[in-house]
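Residue numbering begins at 1 within each chain, and the chains themselves are lettered A, B, C, D, E and F in the order written.
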Amino acid sequence: MGQDKYSHPYVETATGVLGQVDAQAIPRYAGIGTFARLPQRHEVDDYDIAVVGVPFDSGVTYRPGARFGPAAIRQASRLLKPYHPALDVTPFATAQVVDAGDIAANPFNIDAAVDEIRVGIRGLLSRPGHKVVLLGGDHTIALPALQAVNEVHGPVALVHFDAHLDTWDTYFGAPCTHGTPFRRASEQGLLVKDHSAHVGIRGSLYDRADLLEDAELGFTAVHCRDIDRIGIDGVIEQVLARVGQYPVYVSIDIDVLDPAFAPGTGTPEIGGMTSRELVAVLRAMRSLNIVGADVVEVAPAYDQAEVTAVAGANLAYELISLMVG
Amino acid sequence: MGQDKYSHPYVETATGVLGQVDAQAIPRYAGIGTFARLPQRHEVDDYDIAVVGVPFDSGVTYRPGARFGPAAIRQASRLLKPYHPALDVTPFATAQVVDAGDIAANPFNIDAAVDEIRVGIRGLLSRPGHKVVLLGGDHTIALPALQAVNEVHGPVALVHFDAHLDTWDTYFGAPCTHGTPFRRASEQGLLVKDHSAHVGIRGSLYDRADLLEDAELGFTAVHCRDIDRIGIDGVIEQVLARVGQYPVYVSIDIDVLDPAFAPGTGTPEIGGMTSRELVAVLRAMRSLNIVGADVVEVAPAYDQAEVTAVAGANLAYELISLMVG
Amino acid sequence: MGQDKYSHPYVETATGVLGQVDAQAIPRYAGIGTFARLPQRHEVDDYDIAVVGVPFDSGVTYRPGARFGPAAIRQASRLLKPYHPALDVTPFATAQVVDAGDIAANPFNIDAAVDEIRVGIRGLLSRPGHKVVLLGGDHTIALPALQAVNEVHGPVALVHFDAHLDTWDTYFGAPCTHGTPFRRASEQGLLVKDHSAHVGIRGSLYDRADLLEDAELGFTAVHCRDIDRIGIDGVIEQVLARVGQYPVYVSIDIDVLDPAFAPGTGTPEIGGMTSRELVAVLRAMRSLNIVGADVVEVAPAYDQAEVTAVAGANLAYELISLMVG
Amino acid sequence: MGQDKYSHPYVETATGVLGQVDAQAIPRYAGIGTFARLPQRHEVDDYDIAVVGVPFDSGVTYRPGARFGPAAIRQASRLLKPYHPALDVTPFATAQVVDAGDIAANPFNIDAAVDEIRVGIRGLLSRPGHKVVLLGGDHTIALPALQAVNEVHGPVALVHFDAHLDTWDTYFGAPCTHGTPFRRASEQGLLVKDHSAHVGIRGSLYDRADLLEDAELGFTAVHCRDIDRIGIDGVIEQVLARVGQYPVYVSIDIDVLDPAFAPGTGTPEIGGMTSRELVAVLRAMRSLNIVGADVVEVAPAYDQAEVTAVAGANLAYELISLMVG
Amino acid sequence: MGQDKYSHPYVETATGVLGQVDAQAIPRYAGIGTFARLPQRHEVDDYDIAVVGVPFDSGVTYRPGARFGPAAIRQASRLLKPYHPALDVTPFATAQVVDAGDIAANPFNIDAAVDEIRVGIRGLLSRPGHKVVLLGGDHTIALPALQAVNEVHGPVALVHFDAHLDTWDTYFGAPCTHGTPFRRASEQGLLVKDHSAHVGIRGSLYDRADLLEDAELGFTAVHCRDIDRIGIDGVIEQVLARVGQYPVYVSIDIDVLDPAFAPGTGTPEIGGMTSRELVAVLRAMRSLNIVGADVVEVAPAYDQAEVTAVAGANLAYELISLMVG
Amino acid sequence: MGQDKYSHPYVETATGVLGQVDAQAIPRYAGIGTFARLPQRHEVDDYDIAVVGVPFDSGVTYRPGARFGPAAIRQASRLLKPYHPALDVTPFATAQVVDAGDIAANPFNIDAAVDEIRVGIRGLLSRPGHKVVLLGGDHTIALPALQAVNEVHGPVALVHFDAHLDTWDTYFGAPCTHGTPFRRASEQGLLVKDHSAHVGIRGSLYDRADLLEDAELGFTAVHCRDIDRIGIDGVIEQVLARVGQYPVYVSIDIDVLDPAFAPGTGTPEIGGMTSRELVAVLRAMRSLNIVGADVVEVAPAYDQAEVTAVAGANLAYELISLMVG
């Protein structure tokens, strides 16, 4: 399969799934770029995990540009290899992972776009085992993602890595922006009450009430300034205790990383996590049942030497590896 | 005035108007940056020309970022000096020019934004002599600018510098985007029939019909490929013949310049005008009655060494100089 | 076709060919990026023109990086639209144009790579009507391209746009580098004797003999410094007179453009052509029988805001339009 | 106030002070940019803390460009919000904070500039409660700042964050450069003997004597390489023990941060502090009586995606928050 | 010579002079970089033309950074080859050209620096045939260069390529800055009265008097806006007529080029010359007796892909070629 | 010596060796740039440590460009000063350190290049005390470096800092690439069996077997993810225990640093070491007998504000300081 009908010689693995394009046959920088040089959705019969781009950034309040996030992350993902040594998994052989392309979302109408994204993701979750990893796009897209996941799994626990709470109410009258998805998700009952956590919070806020309201909505927050005190092990402990046994949705705003590690984003905040810390927390979540995830707010126009896009690609790879782990 | 009450020692000119901050007293790189280091609107009793930012870019179809255009153009405008040798005018002494700040426009609702921009510009045109130069922002803002100008002056002739026609109909169902302002303006009767011109058109189109419909809407187009044939003098002749004696609105999409001269924009097209050509055409328009103008689509995230923003600042300076000439 | 089986809703044109992804359905910045959002080779039964990437840059003598040229040009080609107004053609409806992906070439062995590229291109020319547009890659690739074209068409006339002659003999003992393809081609009898031309030559040389030997090999050169004297019309006249009625191969080294228009390349030379001039020359070649072409030496690591990649994409579009014209 | 007379709708806080422009009314990216979108000095009757730019960089020994620091920091400060959760303060409501514009300093005569800066800052300290936060400019400006502060408060304890000691003697015969302010300050009796500390020192030196002389001048140094050994708590302990109960001046050379966190500076040294560490040390200083402070050596021409300018803006925000804490 | 004693295998030419490092033996990107990979001054017994860096930028009024100009131009000059086809000369074989290193100039005291530069250049002109090409640094250095040239040759005709007149009087009290060298030179009798010309002037001025005073000082100006009217031939005619038979000093401020061609400079002005035009004017000056020259205001921190530095290197190469022509 | 004969006034130190150019006489940004402004090899009679560039990058599998590494590191090394406080050594006074220029290596033939590099380095090790620090170039160069070192010292212990193992077998049939030097070195008996260590390993691999084969080849690996668990002290302990008393070769691939600290490299991996960590490990190796070392994979085209080049220069400085310690 593949070699005859399609342009890329995907490696057919022992488990029968179609893996990446063979890097010994085609250099990594060559070929039309799917995520991790994996097959497209239509090139396989079925899949376990679909990586899908959501190039939508009309919900941003400061620097736009995340609409080019999926293209940049795909380009940066050419460096990903099949074996994940820290988790000791070979994700693209263990599961059929595909690049499902991008969901087209209306750039001029947020409500329409949210609906299009929800429908698009729902379509990727057509059987129970289907899992999805979104490449944003701005954080607005987490709301329709949670809506779609909810239709399949019911309320989920959320593990949300971000510099910001994203539980504001409205901005310029708009209920759905990149600063509001988790308030909306909470209001719509998409989250298991009191089993969600923010990790990496920092930076100035509008008001002390921001924190109080966030707690009332059922979130707990691990602030960045706590990390040195409780250590990464402490962070992991808090996260695992919080989510319990529920199905989990993981949302990673790339700005959870310090701007040194992720300059290409819209609302940078100093004092952030290092990529080593973030990866350590993620890898500790291997026992969880992650049913969906996103990596958002990669804005390539502000990136340098693909540093942010490479981070985005690797974080998606970590998420996939957790899903198959 | 100024020195006591405000932070900047504006030069009080012989004509009584308040000019730029004195560059012999305060280095050009110093001070909070208004356009050309001119007084703000509230620092003078009245004004002749108001420069106003419109940081709105929710109407773009490709690269966003022009919302940071006004800030970048202001920063780049620090280099502007009081005397324009080619036109032999001293615009900031001849007329009271002010920086009227930015118009706040809803980033999440194009229709609301268009209305806010129209109201904002209308407010700057409170007496007949008032003229306005907009710093965009994407090209969507030309529509509310023309609406406001129309309320004062009635239909105007449009001289539109751009790589693109901007007379498309809708895009993703939206009637007001950066690709549609002049079709809407034509439909709304804001333009004097058959007295408007596009200059600098080039690049691929959707269909041959794009050109036909544009002509039906009452526009004529000077294509970039014609310039070498008819020369800049030929371009000038066509433009002047077209607009006649009507009041004129000049709209400059920075992408009328070749990407070499203006890389920091959203939809670059090769084969464009040089800045020397553009300036030559503009200066030939000194006899026209320009009642309003804009410089749009400067997207700083794609700029290099302020090349595009410097172009934007100088083009605004040319427009002001024409208005006082 | 297309919509069901493949991920992208390609426009099915009146002529029956499968065109670009519909920009009214999917925003230009969305979707896995083929050249101009055209179908891949395996998505159609046959094709007229194949666009193919050749990500090989091991033949460079100064700045490497053109191996990322195909990916960058594809990304920049998202802005291309179906109708070419200057030539009044709709290339993607008139002919079936496809993205044939990239040819894998050995980065560590130039001779092996040259052979792989020749075989790859030959495979794309499997019936007489097939035409090919290469996206480089460094200029080394023009040699195997000419070899493959020769197998089908016999000797061709070459129109070569470049700052450099590329007829040097060897460099560090290597006969095939980006500075030597056209000496090798001449020696191998791939070119019709005395019917080939360089356009845009400039910059310092090793020796006066470089020019003499180039002439002896059967080339004529239009130097950049001649353009202002003879005009673009003069350049066109010389080119057309030179190539006569022979089948033509067009090779465009992006450094034929001045570094202002194409900073992202390996061996920049000042005093180059503008993109407007280059496009004007190309469009005058519409009567020629162009059987193959390339756009090479786009090195994205040195690019700014995709200026060079956008030029590369548009030049490929011009070439395709000439081929269908 | 504000709305009628001035261009920006500053939030009038419950405490009667005029705060930031309302981000719900005017997007953060809009409006002429004062620091943190705060009122200018002339827009309020009096103030508690004045933020003032000092765009002077004629004292640098390597990369210049910090003269554009104030403009870049102001632009980056648009993201600052009113509430500081880690310190639990609302600085712009607790105190009247203003942007006092820039001090004009002669770029061609260091001695004249030092005097102009001293006079300028002294003018901002016209009553005992006035505090000042300088935005540099290069580190030369710390000397006149200390001179002005001394006129009001007498000798102060200095907490100096920097990769470099800045206690060299002369360079090319000049006594006042960015490498010498604290030797001069010590010689001029501006510092309380033996109560000043450098934090973050690292990199190569001219001579072992540099350290000895620095100690003789009354400084102690916390080297970057000590941080992993003694921890941030150890650093804090040393700093607090050192400064005692004296009024404190805090001087932050942005190069105390590792170049990863602050690439946009003049003399980068590897092995630096992270922004999280720096902020942790600063926040532990809340009990101190900080009477003046600076953030210097932000050189925007070397910055990437405003990473350094955002750091500068946030550090100024931390300093203001400490002053009101 | 050379190969044994020094690290680089310079080509010994038929004329006995020591030329560039052999590009067939050592790749252009290799080796410690002198200008054009030429010998250093101490590696030859005598020389005809000395290229010398003057890394001084303390005279700038806006963006600093030209102190890194010589290093950047040297790096970019690696691409220069021995034969100049347009002038049909082999400059490095016809004359002994050397890289004389950099003149150390005090960055903190302009007067001291001017004197150091004058002495340094005078030292390079120790016999009548010696000629010098300076690599700036800012335009301040043209004054000491003219002083040194005057000591040898007496008053000279100046051909000055620049966007700006550089005949202002003082700025912040300083008589020697990058805006004043030619007024000082005129006052000091360094120029032959009424035989000097500015070429490429454009942009806004302080006052109409700027032009009048410039004319009174004995200059004529070819404005950029004239070029399209009189053509390059007209420019050449005016320049040649102006300088007559006098010894000539050529001063090239890189900002005479449009920012598209030279973004890396301190005070960019739109509407400038193309590099092709500039080179055409220069080449027409081959009959002149050029005794000294400079290329100034290359500020690498604002450059992109070495575009500006490559222009600087090539312009120095043109000047050298004219000197030997 | 030096001042008379050569262009730079090197400091003659008390120990009789010729040190850096005097920074009080010539500003750091001035002068033709050798590494750390040290003498060239031919400017001294003999030397202890030779710093030598190896601008070769034809062995890379992804982003090329390290051929410009030596030039960029030299330029960034201008900031290095003579005294290393952490190690309390004055390396350029304790030992005669020279810049031996670059080794010319064939860019088109890897085998030839490997041989040229081996010969070049061997030539620098002409007496037992000679030590060498290589500035790469890509990691391919470590193989000929080890071969040359072996000829003098026999098998050595390797301390290898890298994100990648670099013990792959072949890639596209080539045995010598930047991914294979240490497998080849092991096979060729260049390493003391079981006394070599990788430090900083991370990122995805091709197969679990990669790790097993690496161990079979005699390597141990300290993974980046272990650092937080065992601490830098633990890393040091493992390294020291591993290398024992053997002569040591230290190879630093700059990508051992996180991309935040070294964006300018070819195959970035997130989750890397900080420069503070790396320097701490290096400094703990002062008791070792380091006979040779390299710093490789600095690719300037991807760098930002010289961050990576500055790291490369400082790491070379650390290595030299260890060699003299």
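Operating definition for what follows: a residue touches a chain if its C-beta (ideal position, glycine included) is under 8 Å from a C-beta of that chain, and two chains touch if they have at least 3 such contacts.
These figures come from a predicted structure and were not determined experimentally.
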item	value
Common touching chains of subunit E and subunit A	B, C, D, F
Same vs different contact residues, subunit B with subunit D, by half of numbers used	same
Remotest chain, subunit B as reference, centres from CA atoms	F
Approximate Å spacing (C-alpha centroids) for the pair subunit B, subunit F	54
Between subunit C and subunit B, distance of the C-alpha-averaged centres to the nearest whole Å	37
Distance from the mean Cα position of subunit C to that of subunit A, given in whole angstrom	38
Sites on subunit E at which at least two other chains make contact	27, 29, 61, 67-68, 107, 171-172, 258, 260-261, 274, 302, 304
Interchain pairs in contact, sorted by label	A-B, A-C, A-D, A-F, B-C, B-D, B-E, C-E, C-F, D-E, D-F, E-F
Of subunit A, residues touching subunit B in the complex	57-61, 63-65, 67-68, 106-110, 112, 171-174, 177, 301-302
Complex contact set, residues of subunit C against subunit B	23-24, 27-29, 78-86, 88, 90, 232, 258, 260-261, 274-276, 279-280, 283, 304-307, 310-311, 314, 317
Contact footprint of subunit F on subunit D as seen in their complex	61-62, 171-172, 203-208, 210-211, 223-225, 227-228, 258-261, 263-264, 267-272, 274, 302-304
Subunit A - residues contacting subunit C, complex	5-8, 25-27, 29-34, 40-42, 53, 55, 67-68, 70-71, 74-75, 99-105, 107
